[in-house]
Every structure is written in C-alpha cells, then in structure tokens.
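Remarks on the structure that follows.
We just call them A, B, C and D in the order they show up, numbering each chain from 1.
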C-alpha cells in the first residue's frame, strides 16, 4: 500500500483524488492546497486529512502527487526530492527550462522516482501503436503525422500563463513523438496564426499551427495543433514506415449510426479532451504505483520532461523567427 | 469476337446494350423488341440493326441476351436453344417453376450455354466473400445473415406481376446463399407483413419479411427483405464460421465525412439498387463472354436458376401457411 | 447515502462489490455468502462486514443486491421484500416463471423497489439507440435485427443449469427488444442447432439459434444467438423504421489500424462479454441508487423481468416443437 | 458530336482512347504518335485513323487531346491553338514555367478552350468536398491537411525527367488546394528527404516531403507526399473550418471485413493510383466535352495550370534552400 499526499485540490487535483481513492494499492492520506477550505472539502470526500503544504514534506508518506498551479511545481518537486518522496508531477516542471533542469537535478541527486503527467502515452490506442512500432513490422519509420485539436479555446488568463501553444499543447505530442519513435528531432519549423480569436494573437500566441520536424533518423514529422474545433476533441497519430502504416484513430464517443436519406449520421468525437483522455489518468497513476511496488515500468521521467521542453522551446523560437531551428542532443 | 442479338429494348435492355457495345470482344449486331420503334432507337444508338424477334433465332449470331418481359423468357430461351445459340437470360426463366424446367430441358438437350442474370454474384465484395469462404479460413459455416433492402417500393403493377417478394427479390439471395456456402437449404420458414403499403397486402404480397433457413450442412440462415428504406439501397452479407466471420458490408456511395458539433455526417448508401449494382452487369456479361471464348468460368447456370426458384416457391408457401416448409434435393 | 448489503461473493458479486465501493452515494456495509470465507475476504477488501445471509434481512440497511446463484434468487427476493428492503437482483428471479411470479407478488405487496440486472439497457450505444427511437425520427418501427454472440461456450455445468440458450442468453435481448420498441411480441419462432459442441445438443440445448418474432405493432424481429465466435464478443442492434434506420454497432476494443500490403488490419471486438459490458454494471447500479435517492428513473423492473421470461419460455417451446408459438398479453 | 484527335498512344494515351471511344458525344477520329506503329495499333482497336502529328493540326476536328511526352506538350498546345482547336492537355504544359506561359499566351490569343489534366478534381469524394466547402457550412477555412502517397516509386528515368516531387506529384495537390479553398498560398516551406531510395537523393530529388503553406486568407496547409507506401495508394484531404471539418477519406478498394481472433482484417486501399483515380479520367473528359457542347462547366484551365506550376517552383526552391519561400500574386 503506497501512502500518498496530494497537493492541489482544484480541477485536476480532484480528478487525481478520485483515482487515488479508487486504487486498491494506494492510501490517499493527505490533501494540501493553498486554499485550505478546498483541501478540507476534497479531503472530507475521500476520507483523507487536510494538511498544510509544508506538512506534506514532513509527514510519513511514500509519494507526493503535485497538481497545483504550474509556477509552484519546481519548488514542490525540489522539496519532495529533498524529503525523499517519490514524485508524480503534472507537466510542466516549470515553463522556464533552466528552472526545470534545476529541479530535475535535485530529483536525480535525491535518487527519488519522478513521473511527469504526459498521460497520452497511456491512451490504449496510442499504447497499441507503440507496441506495433516496437515489433518493427512497419519497417523504418519515415513519416509521422499527428493531429491535436482541442474542442474549445481555454480562457485568455489560461492562454497567457500557458507559455504558448507549443509549451502548453504541442508539448504532449513532442513527448509522444519521441516515445513512439524512440528518436529525437534535430530540426523544427513551425508556422502558426491566431485564426479563431485575434486576442490570442495580441497576447503573442497562436491558436493554429503546423510543426514540421526532422528526426535524427531522418524521419519527417508533421503536427497540427488547433485550439477549438467545431466538433469535439480530435486526436490522431499515424506512423508511416518502409513496410506499412499504423494509425491510432479519431475515436467516436459511442457507436451509433443513423441512416436517413442520403446520409449516415454517426456519433462524433468525444465532446472534450477530458472525455477522451480521462482513462489515461488512472492508467498513468497505476503505472507509477506499480513502479513504486517494485515492478519494472516505463513512464515519462525527468529526461522525457526536459526533452519535450527543449523541443517546445525550439518550436516557439521557430514560430517567432519564422525560420527552421536546429536542435542538438549530446 | 462474339456476335450478339439483344431481345428487349426497355430499361434493362438498354443497360445491357451499353455493356455489349463497350465490350471489346463483343459485336452487338442486332436488337429486337416487340415495340419496333424502341428497338430501332436503341439500335441506332449503338450502330446495331433492329430486327424482328423471329429473325433473332435465324440470323448468324453466337449468342442471345434475353432482357424482355418475364412471361416471354421461357419461350425465347427454348427458341434460342433450338437455334443453337448461347443464352444469357434475365431472371427468372418463368415464374412457374414447371415451365422453367421445360425450358431448361430444351437448353440441356440443345447443349447450349445458359447464364441467368443473378448478377449479385459478380459484386466485387460478394465475390471477395466467396473467395474467403472457399479458402476454408472461416471454418465450417454455421450462420449466415443477409440483408436485402430496396430503396423504393416498385409500382403496384410490377408487384402484381412479380410473383411476390420471395420470387422477385429474395430469390437473388437464395442463389447467393447456395453459391457462397456451396450448400442447399432443407427447411425454410418465412414471416412477413405488408407494413409500408397496405395495398401490397391486399394484392396478397408482403413488403417486409424474415426468412430463416436450415441448410443441409446444419448451418442456419436469416434473410431480411424490405421494399423501401428511407436511406438508399442496403445490402449486406455475413458468413459466420467456426473459426471466424466475414462480412460483405454496406457500401457508402462516396467517402466523405463531415464532423460538426457532436456528429459525424457521412455519405450514406447508394441512392438506389442500380447505383450499387450497376458494375455487376458488365462483370456478369464479361464472364459469360469469356466462357464463350473458351475460358473456364463459373456463373449461375440452369441448375442454379431452378434451385433458387424451388427455394422461392417453398418460401412463398411458408409465408402463406405460416409454417416451416421442408425442401428435398436428390 | 444508501446502505447496502450484498449477497454473493463470487465472480459477479465481486464485480458489484467494486462498483458499490466506488459509488459516492453508497455505503457497502455488509457482504454475505453461503461460503463464509469468501464473504469475509471480499468484505475485508472493501471495508465491509461479513454477515450471515439470515442477518441480511434483519440489519439496518436500505437495499439488498442479490448476486448469489440463480436457484436462491426467488427466496432472497421474497425475504428482502418482507423486510422492506429495496432489491437489485441479478437475472433471472427464477428459471421457473411461476416461481418468479410468486416472488414478484411478494415484492408488489411489500411495495419495495425491484430492479433486475438486464444491464444491456445501460450500454451507452444501446441507450443512445433508445433515445433515437423515442424521438420518432425513424418513423414507425418495422424491422429489428439483433446479433448476440458470445466469445466462448460456457462450461457444460453452466449450460445445464442455465435453462437453455433462450432463457440464459437470448432473454437479455428479449428485454432489450421490448424496451427499445415499447412493444411486445405476439408470435415467436426459433430455429436452433448445436453446431459448436455436440454435447450441448445431448444436453437438450442449442448453441446457435435464430429467433423470429412478430410484435403487436406488426414489426418483425430477428435475433441470432451463438455461444462462441472465433473473434470476441459480438453484439449489434438495428432498428429499421419507416423513415430511417439506426444501428448500435459492433465495437472495436481500441481504435488502431495497420495498413500493410492489400489489407487494413484493425483492432477487433472486445475479447469477451465482460470487457464490452463492464461499464453497464456501474451505470445500472447508479440508476438504481438515483432511484433510491428519489430521482425519477427508468429501469428493468419486476414487470420487465416476467415479460422477458415469458418470451423466453415461448421461444424455448418453439425450439422444441419447431413450430411458431403465440404469445398473448392482457 | 465532338470530333477528336488524340496525340500519344502510350499508357495514358491508351487510357484516354478508351474513354474517348466510350463517350457517346465524342467521335475519336484520329490518333497520332511519333511511333507510327503504336498509333496504328491503337487506332485499329477503336476504329480510328492513324495520322502523322503534323496532320493533327490540319484535319477537320474539334479538339486535340495531348497525351504525349511532357517536353512536346508546349509545342503541340501552341500548334493546336494556332489551328483553332480546343485543347485537353495532360499536365504539365512544360516543366519550365516560362515556356508554359508562352504556350498559354498562344492559347489565350487564339481564344480556344484549354483544359489541363488535373483530374483529381473529378474524384467523386473530392468533388463532394468542394461542394461542402462552397456551402460555407464549415465556416472560414483555417487548416487543410492533404495526404498524397503513391504505392510504388516510379523508375529512375521517370524521376529524373519529372522535374522533382513538387512539380510531378505535389502539383496535383497544389491545384486541388487552390480549387477547394478558392485561395492561393503566399508562403511555402518544404522539408524533404530521400528515404526510400538513396539514388533519388543522388539525382537531387526527394521521395518523402512535408509542405507547409500559408494561404492569402491566413489558412495554414500541410501536404505530405511519399513515393512508395507498403500498402497501396493513399490519398486523403481534410478541410478544417471555424464551424466544422470535412474529410475526403482513404478509400478501401472493396467492402469486405474478416473478423478473426482479436483482429478485423479489411480490404486495404486501392493497389495503385490508377485503380483509385481511373474514373476521374472519364469524368474529366466528360466535363471538357460538355463544355465544348456549350454547357457552363468548371475545369482546370490555363490559369490553374500556371498557378499550380508557380507553387511547385516555389516549393522546389524551399526544398533546395531549406527556407520558407514567399509567393506574390497580382
């Protein structure tokens, strides 16, 4: 039984609380939030104890799940590392890559496990795609196509604090890309525009973008990101290899079709990202817990977090300069 | 080059004329119809000569394609047989099975080739299903499901002359069934009703029916037939075997999808049976011609015609008596 | 908060225990089983107390969930009814319809809620089909097609105690049919055979069957049931109406396709019925609990249980006599 | 009846000959080829007369269909224009855009109709996509995704004479893009590599490329092109607008699925581009002929040819310089 403290009792914190509560090998002992009442309400719901954030790093627990606001992540990661706790941290560690690197250094020195919430890896269909890629049956990967389209533009306050579309939205797919292909990009070029909402452009960001990457292996990659579709949450990944192609497809939310006149009207995509992605939160947590229980598991670690962040930085620079940007890896 | 005379210059005759004209190994020399003007117009369109029906059986040709009205088929088949011509005849040979048997006897005595227009066998997807069935990879067939739904009720005059839903519509699927499974039914039970149009019921026919058959091999079969959908022409065949299932699916008429709101709106089925089935007419003709040219081909012959007709007779009897009807084959 | 006692700590009981534990408005207080150790183990897992079956009917609880073996259901239903508890009972109440009717009488006299575990109604796609049917946009229903194919034949011991394919497997679809169409059958004809395993035939049962039903409204229905596919769990429902058709489709278990050579290889169906149906158990329970909490809900009640059972009895009689059987309803 | 002369009796010429022969409003009178025997053989097959290329421009015909080798196109276009014939010319008019512009000037001065063989516009699904785009129901177009993947690398001789992947393969999609969106690109960036065959790289070309375009309207576009898949011909277009998305999808060549074990094995894509695209040749020709017959039709004209060519030139320059290239239009 792994004893957890959860930091953050907001939307994502509550979601994690439900999964921690459900998990038979987890004991959700403590919940902390700078808003004490929020922590108390969520704790009451799941039979946990509300404590202060400082107490999290001194109590008898095995792991900390960090789901607070982004600017607090690096600090909490460092403190949890110093306290010798295993860490599950929502992405990103910090919008500033150097600050994130500092936190990762603390984690590495402490030798504690760190998992980053790149939960798309735990989507069943994407995971099946990874399995296919690893069998080698597609041959050498030559082309990757990723579609990443949110249903609804987040509020401007969120946009402004997000670090931009590359660091906030595309970063999940930068991680997915490296993981699926076991490769890293050496060049990235991004074209973008604020098409759905001019105020996004005024804030210096884009809502529609196409990233083109060249991988170390020579493979080419395209990723299109948009902030709001008129038709639900749309995510899709294609791996094209020398001997075949595999696709983790758009997913209908139910399996109903109506035939009328000259049309077949089917259920469309999931209404929002949470409906599509929700099962991955539990699957990600479960992997982390199995790792704590001693099982050999594969999850997005500190290295993956920094890697995705460096790609997002380069992508952001390309967006700003309108030029391809080179990436080097040692 | 096979020289053809075509009898019948109506809707189906015109369709056959176009295919005969297009075929590079066919010379469409003559067209006959009891309506001489119709024959002349169609002949002019394709550089053929209009002749009388009597002349068809005395001219220098290799084959006769019979696409006239049903009551004339048996007579023309016999005359073509006596004249030693190869025969392609639209189904049925005659609504009365004994009359059809007489005509077949004449064909067999004359030793001429006879092909019946059960053209669904030549649908690419159904033909692929047959190939799968023949590999044995599905294991022993245990269950067959056939869906056969027309887009629009034919005129009452047609219904009244058709011999009923079993002899007119279901008969195509009785043939397809025997061909796909290489088997014959030993029992048939049909439940039906006139649901779309009461005047069909007053005429003693049904427009909606479910036939259940038990095959000699023990396999069970269900066939649903309807006369008018609200959504185009709907045809579908499933073969369920001990080791797998194969499906010749509903077919969209194009491959377009629109995603809007919570829906995916795709192109529906073909607007009518002709749009779905049209390519099979050419494929059927081509098979017949390749047979005339000496190639070893498989097509619905006299035996298949009589077999399907006996099943349709039994199905009609079951509809009338509301009881299962037994079929015996020597 | 509804306080529950669970009777039955076997496979289905354990599944219900997990859902009762997860539900935020449920307190799973007690678990009973004739195998006391099983009850204790399951109770320990969920922080409940193991008690004897007799104690279930005297403790301070709101509801009893009956998931014990079929022959005990009717007795427990009656005792729970006399004790004034709300009842959620796995199907069937009893294999013998008269015994089931007695139990239902007790429930009605006690005035307690009774829900039967016809959980397919709670499948998201079937539920969406029901919504479509209720809008009337399909027009008057004329034809229903249901496919119900299990992945693997249950053990012979199960088969022998099951009451036969109609009472064990088809009964779910008899309930679904009445619910979806808001109608009842007036005639049923079933053709069946033991094709996958002769010992099923020796036990007097079938493993492959086609049921044809005529509804009071005139609509025709076909249901095919098989016990083992070579390809996972296969369930499908089509409602064909005067103005359109709606289909709750076969469901792939993930959304992955591989394109290689001339093939597209996609994820197939769910490996077994539980993988396909599991979410419906929670959804069904949740509906029951919301009803207890005072919400207006629709679920399969005593009347639905008896209705499905009478259809299954008639279907079984048709199988045995090979003749259509008439059903009358007051 | 439009009287045609066909120049070119090779692979594409033969295909055009069959369509010209089939068309009821076309009289295929003459066929010319620099290889006289080829012209004679093809002419014999369709009842036409073989003539010299010079004679084409002096005979009594209405239209010339130019399907000879690319370097001859511009010359023949000019000669046909001077002779006052309507012209259907396979793409491109000339690999050199200035030479193509000269030929177009001759056509414009002569006032004769010129259609370019951008036949993908005539694909039924793409044409349906255009219709959807024109209704405005997708809202303002913001993102376009095009997939253009051939099944098999053409011979090196073809590659070397083709003008490169942009001018040979992508150009069809540059035309499709402008037509579908009624817009032009103002910036293009292409990343490419020779991944399937190093000798393509040695010849200075690529076989895998990703083009990113920014349209005058602000919309962003991505086009991926590959020379050989392991899985047939793969073509797909998505239009993403402010109010919805429409997709002209990958097309299976038949509609057969096999369910076995945990897989659904379906028919894959068309084996090669011709199988997928063949119907568009007839549809394109028919549109041209209807235009000659006085009907108001829309087809790829001289302006479209030059527009696509300028985009292909810019795309080629971007490939070579690895930098975005700007396009200006007056």
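Just so we're on the same page, a contact is a pair of C-beta atoms (placed from the backbone, for glycine too) under 8 Å apart; a residue touches a chain by one contact, two chains touch by 3 or more.
It should be emphasised that the depicted structure is a prediction, and the values quoted were computed from it without experimental measurement.
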Where subunit A and subunit C overlap in contact partners, by chain label: B, D
Chain located farthest away, centre of subunit B as origin (C-alpha): A
Higher-contact pair (C-beta pairs counted), B-D versus B-C: B-C
Computed distance of Cα centres, subunit D from subunit C, in Å: 57
Chain centre separation (subunit B, subunit C; CA means) in Å: 42
Multi-chain contact sites of subunit C, meaning residues that touch two or more partners: 229-231, 234, 243-245, 259-261, 267
List of subunit D residues in touch with subunit B within their complex: 22, 24, 45, 124-125, 128-129, 132, 137-138, 243-251, 254-261, 267
Residues of subunit C touching subunit D in the complex: 229-232, 234, 252-253, 259-269, 271
Residue ranges of subunit C in contact with subunit B within the complex: 139-140, 142-143, 145, 147, 149, 187, 189, 191-193, 195-196, 208-210, 212, 214, 218-222, 224, 226, 229-231, 234, 240-245, 322-324
